[in-house]
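In what follows, chain A forms one complex with chain B and a second complex with chain C.
Coming up: the complex of A and B.
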C-alpha cells in the first residue's frame, strides 16, 4: 500500500513538468512581438515592444526562456523578482485588474465552497438513482429515472440554468444569483467577521452566523441544482450498468441462496463492488468542479474560477487564461493522485499489485 | 483616444437600462396609498405612482452592468466605467449645470475669474470642504491635482485634453516639452533617461502655470493661449481634486520637480491610485472586488446636503440573462441592456419620454398604452389618451436623444504601399491606385452612393439620425439645416465621370484613352469580424456602386480585430468606418481629430488641406464669444462638406430604461453613467 502511494507521489514532479512544458509550448505559438504585447498594457508602441522583448528575453533560445518563465528574473537594482511561475508569479490579469495569482486565490475558495456542497447532490444522488434503476431493472422506476436524467443531459447547461433562474429567481424570488445579499456581504467584508478558512459557508458557521450560512446556501442552490441535473445521467448510466453486471455475478446469487435479505445483498454485497468505475467518474467530476464550472458560474454570477476564466477568454486575456490552465493542471494532478489513493482503499487488487 | 475608439462599438451595442424593483410589495403599500386614493380625479398620475412601483430597499441603488473600471485614478481614467465612479467620489472645480452640456456652475471653486486676454483663470476655492478621510481641502490640493495630471501625461489617459491649453496647440503631452519630436511620448523609460535639466524645466513650466495661494484660497492657472473650451475641459473627471497629503502617502508623485519623471505615463497596474479613492464627493468609495462589485457609501459629512441614497452597488455581471432576471426580480435598479435584447425590456415599458429634437430636451413622460414590436423606434409605443390606465409596465423609457458618439466613413487619401486591399494597386479595372481617394470627385461619388435610410433602418433599427455637421446640438458650429449628401446615384455617376485618375487633364467620362468610368475599379472594404454595422456600411456602398457602374467592385472583407486595427493605423485600408466619442462638449473635440488630428493622420490627408482646416480651428478654439465661434465653425463645416474627406454617417439615438420608481436622475449626455447625488427611489 505504502509503496503504491510513494510510487504515485514520485510521478507527480514529472507530471508537473509535463504540464508546464505543455503550457509553455502553447505560449510559443505566439511570436515574440505578440508575447511581448502581453506584458504591455493597452495599445503598445513599437519601442515598448522591443523593450519588453529585451527585458523578458523573448527572443532567447527556448530553454532559457523556459527557465526564465519558471523562476523569473531578479531586477538588479530593486532586488524584486519579476515573473517566475514557481514563485507564484503568473503575471498580471488585465481582465481581473490584479495579479493572476491573487485572482485565483480570491476566486478559488468560492469554487471550493461550491464543490463542497455540490458533491453530495451531484454524486450521491446520481449513484442512488443508478442503483435504483438497476435494482428495478426495466421497471417503472428504471424507465422514469432514465428519461428524467436523459432530459437533463440533453439540455444545454446555459439553457437549463437560465430557465431555473427565470423561474426560481425572476418569478418566485427564492434563489438569487451572486454570492451573498448585499446586507450580508457588508458583514463579511467587515472586521467583525473572521475568515478562518476562506470558505464562506464554513466561516459563517464558525462565526456563529447561521443567517449568513443560509444566505450563502440560498445563492448556491441554483448552481448546485443545475450542476446536479446535468450530471445525474452520467452517474446513473455508469452506476446502473456496473450494478447490473455485479448483480448477475455468481457470488450475488450465492448470497441470495444463503437467504440474505435483498437489502443486504444489494447494498452490502453488490454495491461496493459496483462502485469501482463510479469512483473514477466521481474523481473526474470533482476535478471538473474544482476547475470551475464556466457556464454555470457565469449564468448565476457566481464569483468562482470558472466565471473569471470565461471573462478572460472572451477578452483574449492570454496571461490569465494560461494561469488558469496551469492551475487547473495542478488540480488535475493532485485530484488524480487522491483518486488513485482512494482506489487503493476501495480495490484490494490495486494495493496488492 | 484609442480607448474611446474601442468604446464606440460598446456604446452602440449597449444601452443602459434603469430598472425594476420587483417586489411589487402590495402588502406594504396600502398605508401610503390611502391619501392618494382620496386625491381628486385630475391627479390620476400621482395616484398611479403611489399605487405601485416601490422598491424593496429604497436606500440602496443597484446597477448590474458589464465592463469594469480600468482605474479609479482621475488622472488616468479615460473610459466611462471608471469615469462614473470618479464623478461620484471626486469633485471638480466647476461642474455641469444640470442637463446642460455647455453651462457650468461652481463646485469646489466658489467662483472664478478670467483675465482680459483669456489666458489666466483664477479660481476662488470653497472653504470648509473636507475629504473623505477628514482632511481639509485647500488650494494646494487643487494645484497639486492639476500639476500631477499634466505630469502624468501619456496617451492612455485624458491628459492630452489639458496639455493643449497649457502647452500650446498640438503640444498634447508633457513629454513634448522635453523632446518636441515626440520620441519619448508614452515611453517612461526613455523619459527617465532624458537630460535632468530639460526634465526639471518641463516640470517647472507646469508648476509655474498652476499656482496655489492657500492664504487667499485661490488657484491661478495660466494658459499658453486663450482657450474657449477651458472650463468645459476641467469640468470632467480628469479635473478632479485629490488630497495631496493622502496621494503622496499612497505613493503618488510627491510634488517635487526632481522625481516627476518616475511618475510619467505609469500604466494603471502600477499606479498607486488605481484602486483607492479619497475625494470630496457625495459618495465615499467603500470597496471594489474586481470582477464582482464596486460599492459606494454615502458621505454624511458632505459639504452640501447628504445624498438621498445611502449606498450604491455596481455589480459586474457578464451574462445578459442574469441581468435580465435581476431586472425582473427587482434586485437591480438599472441594468446594461445589449441592443439586440432591447425588445425584451421594451415589453416592460409602462411610461416613456421621447426626445424633442427641436427643443433639445426630453418631453414630459407619457403613460404607454400599447407596444408593437413590429415597428421601429418610438413608433413601437403608443401613448395613452387622457384617462387611459396604460400597460402598467414597471419601466420608464427615454428614447430619441442623439448620442455624443458617431461612426463615420473615412477615405484614405494616400493608401500605404504595404496595403493588401487595393487589388493590383493600379487603374486597370482590377485594383485602385494608392491615391484613388485624393480625387475629390471619387470622394463625392462615394458620398452620393451611400444610403442613409437603409443604414439607419438596418443597423440602428430606425433609432439614429443623419449627422449634418461635425458639431453636435448645443455647441458652436451646429447647423441642423447644413447641406448634406444623400443617396443620388445619378449625381454619383456624374462625379465619377468628372474624376481624372490618370491625370491627363481629361475627365473620366470623356477620356478616349480610358479612365475610371470606362476601366472601373476593384477594392476591398474592411470590417472587423462581428461588427455588423461596419459590414453593412460596405455592403450598401458595394451594391450602390455596382448599380452606378458595373465595373465598380467593392469586396467586403472581415478581419480579426487586431489585424483590422493595424491596417487602420498603417493607413492600409482604402476606406474605413470608425468612431468618436466626445470627451468634452465642445466643437474643438470633434473638429480637431477629424480635420487635423487622429483621423486626418490615418487618412493621410494632404498637408495643404490640413493647413486650411488648421487655420480655421486655431481661430475657433481661441475665441470665447459664442456667435463668433459659430461663424468660424460654419466656415469649417462648409469646407468639410465641399472637400468631403469623410462621409458623415449617422448618430444613434438614446434608448434608455429607468425604473418608474427611480427619480431625480440628471440625464446629461456628457456624464459618465449616473450622477447619484440627485437620485432617489420610492
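Coming up: the complex of A and C.
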C-alpha cells in the first residue's frame, strides 16, 4: 500500500505543473496590456501601460514570463511583491474591482458551506434509494427508481432549478434565492456578529443567532435539493447494480441458509461489500460538488465561487476566470489525492497489496 | 477429407446445422455489432428514445415551415416584436415584424393572424421561434462536436495504444492534466478566453467542448486497442510487411471502434446540455440566438414573476429535457447490450 500512496503522491507535483501550464497557456491568448492586470493593482491608466509592459516583462520570451507569473516581481522602490501565483496573487479582477484572491477568499466559504450541507443528503439518500431498488429488484420501488434515474439524468440543473424557483419561490414564497434576507445581511455585516469560521451557518450558531441560521438554511434549501437530485440518480444506479451483483453471491445465499433475518442479510452481509464502488463514487461526487456548483449557484443567485466565475466569464473578464480556475484546479488536485488515499484504506485489494 | 453429412431424423442435429438466414446488414456489421444494433430496438425504453429523437429530427427538418424566418438570411436570430422588457402572455397578438403565415397555421390554431404561440420573453423575443429553431442548433452543435471529439479521441487513443512506451506515457499524462478541472469549468474558461479572439458565435463554445471532450474517448479507445493489438491477424498483417499507418487504420481501429462509435453518437444529448448550460450562463452566442439555453436565460431577470411567466422556462425546458432524455434512453439500452454480463439475455 505504501508504494501505491507514494506513487500517487508523486503524481501531485506533475499535475500542479500541468495545470499551471494549462492556465498560463490560456493567458497567452490575451494581449500584453490585459496581462498587466496580473501584476498591477487597479485598472492601469493609459499612460502607464507601456511602462507596465516593460516593468513586468510582458513581451519577454515565454519561459521568463512563466517564471514571473509564478513568483511575481519585487518592486525595487517599495520592496513589495507584485503578482506571483505562488504567493497567492492571482491578479486584479476588473468585474469585482478587487484582487482576485480577495474575491475568492470572500466567496469560497459560501460555496464550502453549501457543499458541506449538501454532502449528507446527496450520499445517504442516494445510497438508500439504490439499496431499496436492488432489494426489491423488478418491484414497484425498483421501477420507480429506474424511471427517476432516467428523468434525473436528463434534467439539466438549470431547468430543474428554475422550475423549483417557480414553484417554491414565485408561487409559494417559501424558499427565496440569494444568501440571506436583507435584514439579516446587515446584522452579519456589522461588528457585533463575529466571524469565527467564515462559514455562515456555523458562525450564526456560535453567535447564538438561531434565526439567522434558519434563514441561511432556508436560502440554501433549493440549491441543496438541486445539487442532490442529480447525484441521487447517479448514486442510485451505481448502488443498485453493485448491490444486485452482491446479492447474487454465494455467501449471501449461505447467510440466508443459516436462517439469518432478511435485514441482517441485506444490511450486515451484502451492503458493506456492495459499498466499494459507491465509496469511490462518493469521493468524486463530493469533489465534483466543489467544482460543479457553477450553474446551481448562478440559478439561485448564491454568492459562491461558481457564480462569481460564471459572471466573470460572461463579461469576458479572463484574468478573474483563470484565477478561479487555478484555485479550483488546486483544490481538486488535493481533494482527489485525499479520495484516492482514503480509497486505499477502504479497498482490501489495495490495502493488502 | 471426408465430409460429415447429418442423416436420420435427429431433430437436435437438424436444428444445430440448419443455416440461419443472414441479412445483408448483419453481413456488413459482423455478428457481434449486429447483435448490438438489434438489441437497441428491443426494449420499450429504447423505442421511446428512438421515437423522441425521430420527433426532434422532424421538427429540425420542418423548422422553416413550422416557424418561417422573418429574415431568411439569418434564420438563427429569434425575431423580436418590439423592444419592451416585460414578457407577454401566450397567444398575445404579434404587432410588428410578423412572419409569413404558413399553410398549416389556420387549420391548427383557427386564427387568421400570427400570435405568439408560446408568448414572448424579455425584449419581445418570440419563444415559439426560439424553441423550434433551437432544435436545429441542438442537432448542428451536437453532431459537429461529437464527431470532432470522436475523431480526436480515436486518433490520440489509437496512437497512444499502438506506439506505447514514451508516446503513450506523454499523451496519457496530458489527458490526466486536462482532466483535473471539471469539464464544465474547463469548457467555461476556454470559451471565455476564446470569445474575445473569435467573436460571439457558436464557435468558441464548440471548440471548447471539443478541446475537453475527447479525453474520455481517448482512454476508452486506448484500452480497446491494447487488447485488439495482440490478436493474430494484426501480427499477420505486420509479418507481410504492412506500414504502421495501414495496420492501425485498416486492421486495428475498425475492429476496436464500433462500441465507442455508437456510445459517442449518443453523447449528443450531453453535448447539447453543456452547450445550453453555457448559453444559459451568457457565454458563447449573442443574446437572441435561437438556442434553448438562451431562451431559458431570459427567465433569469424574472425569477420573482415566474408564476405568471412560467412559459419562458417550461417550453424550452421541455424541449431540452425530452431531447436529452431521448439520447439517454438509447444510451442506457446500448450499455445493457454492450455489457458482457448481459450477453444472451437481450
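Note that in this section the second predicted complex is superposed on the first by the 317 of 353 C-alpha atoms of A that agree within 3 Å, B and C clash if a C-alpha of one lies under 4 Å from a C-alpha of the other, contacts with A are read in each partner's own complex, and residues count from 1 in each chain.
What we mean here is this: a contact is a pair of C-beta atoms (placed from the backbone, for glycine too) under 8 Å apart; a residue touches a chain by one contact, two chains touch by 3 or more.
Fair warning: this is a prediction, and the values are worked out from it, not measured in the lab.
Engineer: On chain A, do chain B and chain C fit together or clash when superposed?
Structural biologist: Overlaying the two complexes on chain A (C-alpha atoms) leaves chain C and chain B clashing.
Engineer: With the two structures laid over each other on chain A, which partner does A:62 touch: chain B (first), chain C (second), both, or neither?
Structural biologist: Once the two structures are laid over each other on A, A:62 reaches no partner at all.
Engineer: Touching A:179 in the superposition: chain B (first), chain C (second), both, neither?
Structural biologist: The first partner, chain B, only.
Engineer: Given the touch rule stated above, what does A:325 touch, chain B (first), chain C (second), both, or neither?
Structural biologist: second
Engineer: Answer with first, second, both or neither: which of chain B and chain C does A:96 touch in the superposed model?
Structural biologist: first
Engineer: Using the superposition on chain A described above, determine whether A:124 touches chain B (first), chain C (second), both, or neither.
Structural biologist: It touches nothing on chain B or chain C.
Engineer: Once chain A of both complexes is superposed, is A:9 in touch with chain B (first), chain C (second), both, or neither?
Structural biologist: neither
Engineer: Which partner reaches more residues of chain A, chain B or chain C?
Structural biologist: C
Engineer: Touch check for A:314: first (chain B), second (chain C), both, or neither?
Structural biologist: Both partners, chain B and chain C.
Engineer: By the touch definition at the top of the document, which applies to A:166: first (chain B), second (chain C), both, or neither?
Structural biologist: So A:166 meets both chain B and chain C here.
Engineer: Have a look at where A:86 lands relative to chain B and chain C in the superposition and call it first, second, both or neither.
Structural biologist: In the superposed model, A:86 contacts neither chain B nor chain C.
Engineer: On chain A, what residues does chain B touch that chain C touches as well?
Structural biologist: In chain A, residues 158, 162, 165-166, 169-171, 177, 298-299, 301, 310, 314 are touched by chain B and also by chain C.
Engineer: Which residues, counting only chain A, touch chain B once they are in their complex?
Structural biologist: Touching chain B from chain A are residues 41-43, 45, 47-48, 51, 92, 95-98, 103, 106-107, 158, 162, 165-166, 169-171, 173, 176-179, 182, 185, 189, 298-301, 303, 307-308, 310-311, 314.
Engineer: Given the complex with chain C, which residues does chain A contribute to the contact?
Structural biologist: 11, 14-15, 18-19, 21-22, 26, 29-30, 150-151, 153-159, 162-163, 165-166, 169-171, 177, 288, 291-292, 294-295, 298-299, 301, 309-310, 312-314, 316-318, 321-322, 324-325, 328-329, 332-333, 336
Engineer: Spell out the part of chain B that touches chain A in their complex, as residue ranges.
Structural biologist: Checking each residue of chain B against chain A gives 2-3, 22-23, 60, 62, 68-70, 156, 186-187, 189-190, 267-269, 274-275, 287, 289-293, 311, 313, 315, 317-319, 321-322, 324-326, 328-329, 331, 565.
Engineer: Can you check the complex and tell me which residues of chain C touch chain A?
Structural biologist: Residue positions touching the partner: 45, 173-174, 176-178, 180-182, 184-186, 188-197, 269, 273, 276-277, 280-283, 293, 296, 299-300, 303-307, 310, 313, 317, 320-321, 324-325, 328-329, 332.
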